[in-house]
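One chain, chain A, appears in both complexes that follow, with chain B as partner in the first and chain C in the second.
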Partner chain A sequence: MIPTLLCVVLLIFVLFEITPGDPALTILPSDSWTEENIARVHKELGLDDPILVRYVRYLGNAVQGDLGTSYLTKTSVTNEIAQKFPYTMKITFISVIMAIVAGIPFGVIAAKHQYTLTDNISVFISLLFVSMPNFWFALLLARFFGVQLGWLPTTGVETWTGYILPSATVAITSLAAITRQTRSSMLEQIRQDYVVTARAKGQIEGKVIYGHALKNALIPIITVVGTNIANHLGGTLVAETIFSIPGLAKYMITGLNGRDYPVVLGSVLFISAVFCIVMMVVDIIYAVVDPRIRIQMMKKNNSGRKTKARKEAAAA
Partner chain B sequence: MSRGKKQLRIYEVWRQLRKNKFAMAGMVIIILLALVTIFADQLAPYHFETADFSASFARPSAEHPLGCDKLGRDTLSRVIYGARTSLQIGLGATVIATVVGVVLGAFCGYYGGWIDTIFMRFLDIFQSIPNLLFSIVLAASLGVGVKNAIIAVGITSAPLFARMIRGSIMQIRGSEYIEAARSINARDPRVIIKHIIPNAISPVIVQITMKIGSAIIYGATLSFIGLGAQPPTAEWGAMISEARNYIRNYPALIMYPGAALMICVLAFNLFGDGLRDALDPRLKN
Partner chain C sequence: MEKTAQAGEAFLDIKDLVVEYHTDDAVIHAVNGVNLKLAKGETLGLVGETGAGKTSIARSILRILPDPPAKIMKGEIWFNGENILKLPEKKVRSIRGDKISMIFQDPMTALNPIETVGSQISEAIRLHNSISRADANKQAVQMLETVGIPGKRFTNYPLEFSGGMKQRVVIAMALACKPELLLADEPTTALDVTIQAQVLEMMRDLQKDFGASVILITHDLGIVAEMCEKVAIIYAGEVVEYGTAEDIFDHRAHPYTEGLFGSIPTIHTKTKRLNPIRGMMPDPANLPSCCRFAGRCPYTTDECTSSYPEMVECKSQPHTVRCVRARVKEGGSQ
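== the complex of A and B ==
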C-alpha cells in the first residue's frame, strides 16, 4: 500500500510537470503578470527546485501529516480535507449500504424465478441502471423528489434527509452490478445437491435460499461490491457537485481549476489511501465469510513460518 | 480450409446472436445511431449553433419537434449532433484503451518474468486511483476539450484491458498448440499474431463492446463537469449541464439528451451481453 501511494504522488507530480499551466498565473492578478512577479511567486512556492527535490520534500511533510498549504486560500490542506472528508465518506458509505440492501434481494428474487417475467424485468431494470449516467439520474431525482413533490432537499446536507438523494444517485450503478452478480451466482448454487438435501429434509424455503444458498454465493458478490467501491468514490464526486455538498470533490475540482497543486495532490492521495484501505478490508471480509479462505491463509502463514524456522535452523 | 473454418465460426456466433432478442434490439439501435451520426448534417433540421432568440424555450411544435433551449437552438438538432460528439468520445477512448491495453497486455502476458511484474505493479498504481477521479485529474491538467477528454478516458480505461488480455494470453501460452508452433521454430511475432491473438480475441471483443458504453458515460460526465466538450459544441453531457439551470421550469430540456445517452449506452450493453453469450456459451446461465 505504501509503495502504491508513493507512486500515486509521483504520478501526479509528473503529470503536473509535463502539462501546460502555471500556478503563478492563477495566483497573481492578470495585470501583474510580469517576469519578476512570476519568478517571485515561484520562489515563494518552492517551484524552482527540481521535481525530485520537491517530491521528497512533499513526502517528508506528508508523513508528518502535513499535506501543504493551498496556493490560493493559504489554508492547510490537511485541515480542509479533515473537514470535508466526512461528507464524502458518509455518502459513499450510505450508498454502498443502499446498493447491497437493495441489490442482493433483487438478485435472489430474479434467480428464484429464472426465465419468468419477474426475472426478465429485473434483468432489464438492472441493465437500465447500469446504462444510466449518474449525473442525469441525480437531476431526475432532484427534479422529482425535490421540486415536484418537495419531500427532500436538493442542496446541502444540513439534515439527514439531505443524504438520501446523493447516496441513491451513487448507489444505482453498483446496485445493478450487485443484482446481476447475485443472480448468476445464486443460479449456480440453487442447482447444487446440498440445496436439494435441505429441501428434502423439510427446511423452510426462506432458510434454504438465504441460509444455505446465499451464504455460498456470497464470495463473488463481495468481489463485485469491493471493485465497485472505486465507482462509489467516483460517483460521490459527481453527486457532490450536483447537490452542492461541501465535500472533497468540490474542493479538488476548485483546486484543479486554479492549478492549486497541494489541494489536488492532497485530495487524490487521500482518496487513494482510503481506497487501498477499503480493498484491504474487503480481503479480510473474504476470510470472515468463507472458512476455506481462512484455512488457506492460515496454512500459508504456517508454512511460511516453518520454512523460516528451517532456514534459521540451517543457518545455525 | 482455415478461411472456411473462420467463416463457419462467425456464422455460428451470428446464429446464436440472432436468437437473442435483447442483443438484436441493441444492434439495431447501434446501427441507427451510426446512421444518425454519419448523416447528422442531412437529418438535423437546423445547425446545432443556429440560435433564434424569439424561440427561446419554445414548446414542441411542428418547426421544433422537441422545442428549443434558452438561446432558441433546436433541441432535436442538438441531440442529433450530440450523438456525433458523444460517440466520438466513447469510441475514440475505447480505441486508445484497446490499443494500449492489447499491446501492453500481450507483451506482458507473453514474455512474463520481471517485465511483467514491473508493468503489472505500474497498473496497480493506476488502478488504486478511482477511474473517474483519475480521468478528471487527467482531463483538467491536459486542458479542457473533446480531444483531451478522449485521451483522459482512454488512458484511464487502458489498465483494465491490459490486465484482461494478459490473463487470457497467459492461459493460452501454456497450451500444447503453442508449444507445437514453437517446436517447428516459429518466431515470437508469428506465434503472437497467428496463434495467440486469434484465440484470445473473443473475451476482448466482449469487453470492448461493454466498455464503449461506460466510456460514453465517462465522456459525458467530463463534459457535464465542464472538462470535456465546450459550448457551443453539442454534446449530451454538456447539454444536460446547460439545461440544468432551468430544470425547475423546463425539465424537458434535460430529458432528451439524457434519454439519448441512456438509450445509446443501453444499446451497447445489450449487444455486449448478447455477444458474450454467443461467443462463450459456457458463461451463459
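== the complex of A and C ==
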C-alpha cells in the first residue's frame, strides 16, 4: 500500500513537471505578470527547488498529516479534504449499497431464468445502463424526479433526500456490472453438483439458490464491487458537479483548473489511500466469505511459525 | 382408490418411465419406458454403460432432474402408495432427503465447498425434524461417527477431507434422516479400490442397521455381486434384462449382459487382450426403432433389425429379458 501511494505522488509530480503552465500566472493578477513577481512567487512556493527535493519535502509533510496549502485560497488542504470528503464518502457509500442491493437480486433472477424473457430484459437493462453516460442519466433523473415530479431536490444536500439522486447516478454503471457478474457466476454455480445435493436434501428452492449457490458465487461479485468502488469515487465527480455538492471530487476539479498543485496532489493522494484501504477490506472480506482462502491463510501462518520455531530450535 | 390398490404392492414401483432431454437441436431419449420394482429392504443394482440413463432414472425418483432441459414425459413412480410424479412440489420436498435420499457419484463436487460438513449434515436433519439446531448438530456428530469420521471434525470444511472421507460425509448426509430408500449413484466410482471396499462394506452395514432399500447404480459387476439381490441391466434407456443376481450371473439371457460379463478378464485363464463389446451405444437422440442392441449384437437376425423386442419372461421368476433369442430359447424349452 505504501509503495503504491509513493508511486502515485511521484507520478503526479512528474506529470505536473511536464505539463505546460505556471501556477504563478494563476495566482498573480494578469496586470502584475512581471518576471520579478513571478520569480518571487516561485520562491515563495518553493518551485525553484529540484523535483526530487520537492517530492521528499512533500512526503515528509504528508506523513505528518500536512498536505500543503492551496495556492489560490491559502487554506490548508488537509482541512479542506476533511471537510469535503464526508460528502463524497456518503455518496460513494450509498451508491455502492444501491448497486449491491439492486444488482445482486437482478443477477440471480436473470441466472435462474436463463434464456427466458426475464433474463433477456435484465440483460438488456444492464447493457443499457452500462452504455448510458452517467452525466446524461443524472440530468434525466434531475429532470424527472426533481423538476417534473418535484419529489427530490436537484441541488445541494441540506437534507438526506439530497443524496438520493447523486447516489443513483453513481450507482447506475456499477449496478449493471454487478448484475452481469452475478448472473454469470450464478450460472456457473447453479450447475454444480452441490446444488443438486442441497435439493436432494429437501431444501426449499430459495435457500438452495440464496443459501448455497449465491454464497459460492460471491467471490467474483465482491471483486467487482471492490473495483467499482474506485469508479464510484470517480463517478461522484459528475454527480457532485451536476447536483452542486461541495464534495472532494469537485474540490479536485477546481484545483486542477487553477493549477493549484497542492489541492490536486492532496486529493489524489487521499483518494488513492482510501482506495487502497478499500482493497484491503475486500481481501479481508474474501477470507470471511470463503473458508478455502481462510484456511490457506491460516496454513501459511502456521507453516511460517513452524519454520521460525524450527530455526530457533536449530539456533539454540 | 388407486392409492389403496397400490399399497399392497411393491414398495417402489416405476411404471413406463420416459425421460427426455430437450435441447435446441435435438431431443435426447434418455429413459424409454422403464419398469422397475423394488421390495422393502431389497438392493437393486442398475448396471449399464455411461449414458445408458441410469442416473436419469434415479434422479426422476427424487424429481431432481435439471429442468430445463430434462423432462419426465410419461410414467408413474409409486412410492409407499403415492405417485411421486403427481405429488405437489412441497410434498416431494418433504420426501427428499427424508424418506428417499441419494448418494452422489462424485464426492469431490457433491459437497458445498464453503459450508462445514457438519452444518451440511445437520441441515438435512433440521429440514425434516423439528428439532433445535443444537440437537441436530448432536445427531450430525453421531452420523459422522457412524460413518467412521471423528465427531470433532464436524466443523471442518470439505477441502480438509480426502476423497474417501468426503464420500463418507455424503453417505452420512444421505443416511441422516434414516431414509427408507437410498439411491446410490456410483458411490465408489471416484474412489480407489481399497477405499471402495471400505465404503461398500460400510454401506452394507448401514443398510442392515437402518433397514433401507437401496438402488445401486454402477457399471462394476463386482460390486453388484457383492451388494445386490436384484439386478437390472440398462441399455440405451431401457431395461434389457432383469432378475435376481444369481439369474443374471449364472443364467444371463441377453447378449448385452453376456457381453458385459465377457469383457471382464478372469483370473483363471490367461487373457492377452480385454474383450470389449464392439461398437457404440446408439445415439440417444436418434434411436433405432428395432432392437437397440442389434447393431452390436453378434446374433443379430432379420427379426432383430425389423421389429422391436418385447420383455420376455424366463423360466425362473422374476427373470425377464428383452431379446427375441430368449423368446425362442425359452419357448423351445417350455
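We take it that the second predicted complex is superposed on the first by the 307 of 316 C-alpha atoms of A that agree within 3 Å, B and C clash if a C-alpha of one lies under 4 Å from a C-alpha of the other, contacts with A are read in each partner's own complex, and residues count from 1 in each chain.
To be clear about the criterion, a contact is a pair of C-beta atoms (placed from the backbone, for glycine too) under 8 Å apart; a residue touches a chain by one contact, two chains touch by 3 or more.
Predicted model, so just to flag it, every value in this text is computed and none were measured.
Engineer: Putting chain B and chain C on the same copy of chain A, do they fit or clash?
Structural biologist: Overlaying the two structures gives chain B and chain C room side by side.
Engineer: Considering only the touch criterion stated at the top, classify A:L72 as touching first (chain B), second (chain C), both, or neither.
Structural biologist: neither
Engineer: Once the two complexes are overlaid, how big is the angle at chain A between chain B and chain C (Cα centres, nearest 10°)?
Structural biologist: Superposed on A, the angle at chain A reads 80 degrees.
Engineer: Which of the two partners, first being chain B and second being chain C, lies in contact with A:L28: first, second, both, or neither?
Structural biologist: neither
Engineer: Comparing chain C with chain B, which touches more residues belonging to chain A?
Structural biologist: After superposing on chain A, more of chain A is contacted by B.
Engineer: With both complexes superposed on chain A, which partner does A:L47 reach: first (chain B), second (chain C), both or neither?
Structural biologist: So A:L47 meets neither chain B nor chain C here.
Engineer: Determine, under the contact definition given at the top, whether A:I285 touches first (chain B), second (chain C), both, or neither.
Structural biologist: Neither partner.
Engineer: With the two complexes superposed on chain A, say which partner A:M297 touches: chain B (first), chain C (second), both, or neither.
Structural biologist: neither
Engineer: After superposition on the shared chain, which partner residues are touched by A:Q192: those of chain B (first), chain C (second), both, or neither?
Structural biologist: second
Engineer: For the superposed arrangement, tell me the lowest C-alpha distance between chain B and chain C in Å.
Structural biologist: Minimum C-alpha separation, chain B to chain C: 13 Å.
Engineer: Quick check on the output: what are the common chain A residues between the chain B footprint and the chain C footprint?
Structural biologist: none
Engineer: Which residues of chain A touch chain C once you look at their complex with the stated criterion?
Structural biologist: Within the complex, chain A touches chain C at residues 191-194, 196-204, 212, 215-216, 289-292, 295.
Engineer: Under the stated contact criterion, what part of chain B meets chain A in this complex?
Structural biologist: That would be residues 22, 122, 124-133, 136-138, 140-143, 213, 217, 220-221, 224-225, 237, 240, 244, 247-248, 251, 254, 258, 261-262, 265-266, 269-270, 273, 285 of chain B.
Engineer: Using the touch definition up top, name the residues of chain A that touch chain B in the complex.
Structural biologist: These residues of chain A touch chain B: 4-5, 7-8, 11-12, 15-16, 19-21, 124, 127-128, 130-136, 139-140, 142-143, 147, 184, 187-188, 230-231, 233-235, 237-238, 241, 252-253, 256-257, 264, 268, 271-272, 275-276.
Engineer: Please give the residue numbers of chain C that touch chain A in the complex, ascending.
Structural biologist: 59, 62, 64, 66, 93-98, 101-102, 104, 106, 109-116, 123-124, 127-128, 157, 159-160, 170, 173
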